[in-house]
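Take a look at the structures below.
In the two complexes below, chain A is the common chain; its partner is chain B in one and chain C in the other.
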Partner chain A sequence: MERNVIMKQVNDIFIDILDNEEIVIGETTQASDVEDWDSLTHIQLVVAIEKHFKIRFTSKEIQSWNNVGEMVNCIQKKGI
Partner chain B sequence: MQTFTQLKKNLKKDFSNFKVIKIAVLGDTSTQFLIQALRGAGFEQGFDLQLWEADFDQVERQVFDPSSELYEFNPEIVIVFHSTHKLLAKYNKLKPGENNSLADSHLELARNLVTALNAQLNAKIIYYNFTEINDSVFGNYANKIESSFLFQLRKLNYELMVFAAKQSDFYLCDLSSLQNQSGKSNFFHTSVYINTEMVLSIDILPEVAAKTIGLIAAMYGKFKKCLIVDLDNTLWGGVIGDDGLENIQLGGLGIGKAFTEFQYWIKKLKNRGIIIAVCSKNAESIAKEPFEKHPDMVLHLEDIAVFVANWENKPDNIRRIQNILNIGFDSMVFLDDNPFERNMVRENIPGICVPELPEDPADYLEFLYPLNLFETISFSNEDAERTKLYQEEVKRTFLQKSYTNEDDYLKSLNMVSLAEPFNKFNTPRVAQLSQRSNQFNLRTVRYTEAEIEKIAVAGDAFSFTFTLTDKFGDNGMICVIILKIESDTTLFIDTWLMSCRVLKRGMENFVLDTIARYAEEKGYTYLKGEYIPTVKNEMVKDHYHNLGFEKKGDYWELHLGNYEKKKCNIKIQQKLLWKEM
Partner chain C sequence: MIFKLDNKFDECFTVSNEMYTGFIQIFKDKNPLHTNEQFAIDNGFKGMVMHGNILTGFLSYFIGECLPVKNVIIHSQEIQFKNAVYLNDELQFHATVTGIYDSVNAVEFRYDFKNREEKIVAKGKFQIGLLQ
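== the complex of A and B ==
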């Protein structure tokens, strides 16, 4: 899948889970840039992304990302 | 079932005018999501759950410290969530010789928690039982050796049930059966656990919340009382009017088995006190034929409280059933194989529960079990008798039609009532009436068995229960009164509730005569009443006015000196004995 398509789909998941239509994420977006993206909602986002792409992240992967771009790298690595 | 994300969106909605319930949640793992799921699921049922969450793993500190924030919060319900993961951690630390004691020592802890909570609070306790983790250390042999974790865990779940059976106000919420049904891989999500210390997966949160809210709703009088079933292709396979008695599918073979097992389920519901009614498009005589003649029918006519078979539309027929039973539509479940009928009922009868039965009758039960439609927090002998009571009511309705004068009709019933104070025999039924009665209930204060026991001995109130028997049968206990001593001159009617079964029989007059005479003999001058409106109790809005009470601000008052005995066709059964208080 094209990287920008994945990014768009991840963006839609953020909008749904954080219940905020105005969220726009990019490669360098971090948790501190997005309102309500805390450690708790983070796991909710991760589970929703797993479900959407039918993949499973390891616990280590989940803790390793510093921004959205790194998360998308990880999604792509799983063959998406 | 809604997703967790949907439940979370509920949190932003308007909770005003919802019933407020204060609930404390204490867990030994992280409970933030559970709290959100509970509040969101409460919204769906019209509850504004005010949730207080103990800090992480503070169960014991909060409960055993009398000056803790828990007691300051003063909840009506306390939810305690000990996880199997922490239980396993405890087990892992035991020395090999001590493994046998895990269940007993944890049960002891649970008992102590309950004792401490009861000493400080007037709250109901919900305790989550333990979901299974098989550590596979012993293989199947775990079932044969007491020191295995699986043995201890199952023993603990069993002992908790034994404890709950004896302990009023302590209720188990069955997470274990929920995990069995949804599978451990759906229930528990390792990365959620590793990253947040939460043992419930995000997908299972709505299920856990729904199961908990079901219990809470039952505590506050919201539960199902009646099951209305269709006949053709619902209770048996085929169409009785077309296929005939010999050709409908029922019994041990093939698809007949599905219908037979389905009927056994309904029979068990009937025995546990759910009223069963039939609503079918059929000629009545043909519809009744299988009940009378088919050897494989599990349900018989005596199991059915109201039998309606005709060619009119189902919403009208359900309204007719409702009229006879006198219970709310929101306490009814309607099962029909036909999607058209289901939709018509759903659209025309607000509040009724109409599950979307699967197409294949073989799936009926597996579909219905997880819906957990028939939650309850009590069971008494009266429940098993309920169908008979309603059948007698149908007969009374017929008799009444034959009298033009209501007074003559009431006289012909030969009504007798037994009045008694609360005692250990009638406590379960008193508590149950307190939880079930919605319509004829002046203040809708709900009491549990434990609270009723306290009132019976506290010495600051007088209690009354009334039964009603007539020539058609015994209605059992149908009225509860609690008179609280407010001053030397005044008794306050804290509770006046009656079963809607006995409306328009002059019972109100009889009850007032009894309590007025009693209060006067005890030297009181006034009875003071109050009407607190709810969405269900409008029928008693003018209750005190009709009985001759005078309005005094928000209250109603009756001067006993001027009281004249009411006209009444009920005789008192002289067994009435109140101990001097």
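== the complex of A and C ==
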């Protein structure tokens, strides 16, 4: 899957979980850039992304992410 | 992870008068559907309909007290009400693990409540987190 397509789908997941139609995420977006992206929301985002792409992350992978771009790298490494 | 995909759990609950009156006393929902027998019958029910959220109380009890671990927190829950529940109804509760998310220590369940006629009165899903 093209990276921009993955990014669009991840953006849609953010919109759904955060219930905010105006969210636009990018490669360098971090939790501090998005209102309401707290630790509990982060869990919901990870679960929703795992479900959507039918993949599983490890806790080590999640802890290594510094921004959305690194999250998408990880999704791509799963063969998506 | 203590839970495995497709793990199943069963409990039995009865909607007692104590729960019914306690719910009204605490939350003040005295809608006639719940408190006026004739009103409920006139609207197509067999009698006063119990508050649907008594069932979410059962759900809370199941998650907090019946699971094999106590270090749990509810992340989310959904419930759909399918049929009316009446006073003293005995409900069979079934829950199945439908998702394990090790990366964030989260577990998803689907559940339903059935009455003695085997009709589903409510169903839904919930997600819990395992506290570390």
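Everything below uses one rule, namely that the second predicted complex is superposed on the first by the 80 of 80 C-alpha atoms of A that agree within 3 Å, B and C clash if a C-alpha of one lies under 4 Å from a C-alpha of the other, contacts with A are read in each partner's own complex, and residues count from 1 in each chain.
Simple rule for what comes next: a residue touches a chain if its C-beta (ideal position, glycine included) is under 8 Å from a C-beta of that chain, and two chains touch if they have at least 3 such contacts.
All figures in this text were calculated on a predicted structure; none of them were measured in a lab.
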Once chain A of both complexes is superposed, is A:16 in touch with chain B (first), chain C (second), both, or neither?
first
State whether A:62 touches chain B only (first), chain C only (second), both chains, or neither.
both
Which partner chains sit in contact with A:73 here, chain B, chain C, both or neither? Use first/second/both/neither.
neither
Touched partner set for A:28, first chain B, second chain C, both or neither:
neither
Partner chain in contact with A:47 - chain B first, chain C second, else both or neither:
both
Enumerate the residues of chain A that count as touching chain B in its complex and touching chain C in the other.
40, 42-44, 46-47, 56-59, 62
Touching chain A in the complex: which residues of chain B?
4-5, 8-9, 12, 32-33, 189-192, 194-196, 198, 201-203
Could you list, by residue number, the parts of chain A that touch chain B in their complex?
16-17, 19, 39-40, 42-44, 46-48, 56-59, 62-63
Interface with chain C, chain A side, in the complex: residues 40, 42-44, 46-47, 50-51, 56-59, 61-62
If you look only at chain C, which of its residues touch chain A in the complex?
75-76, 99, 101-106, 108, 127, 129
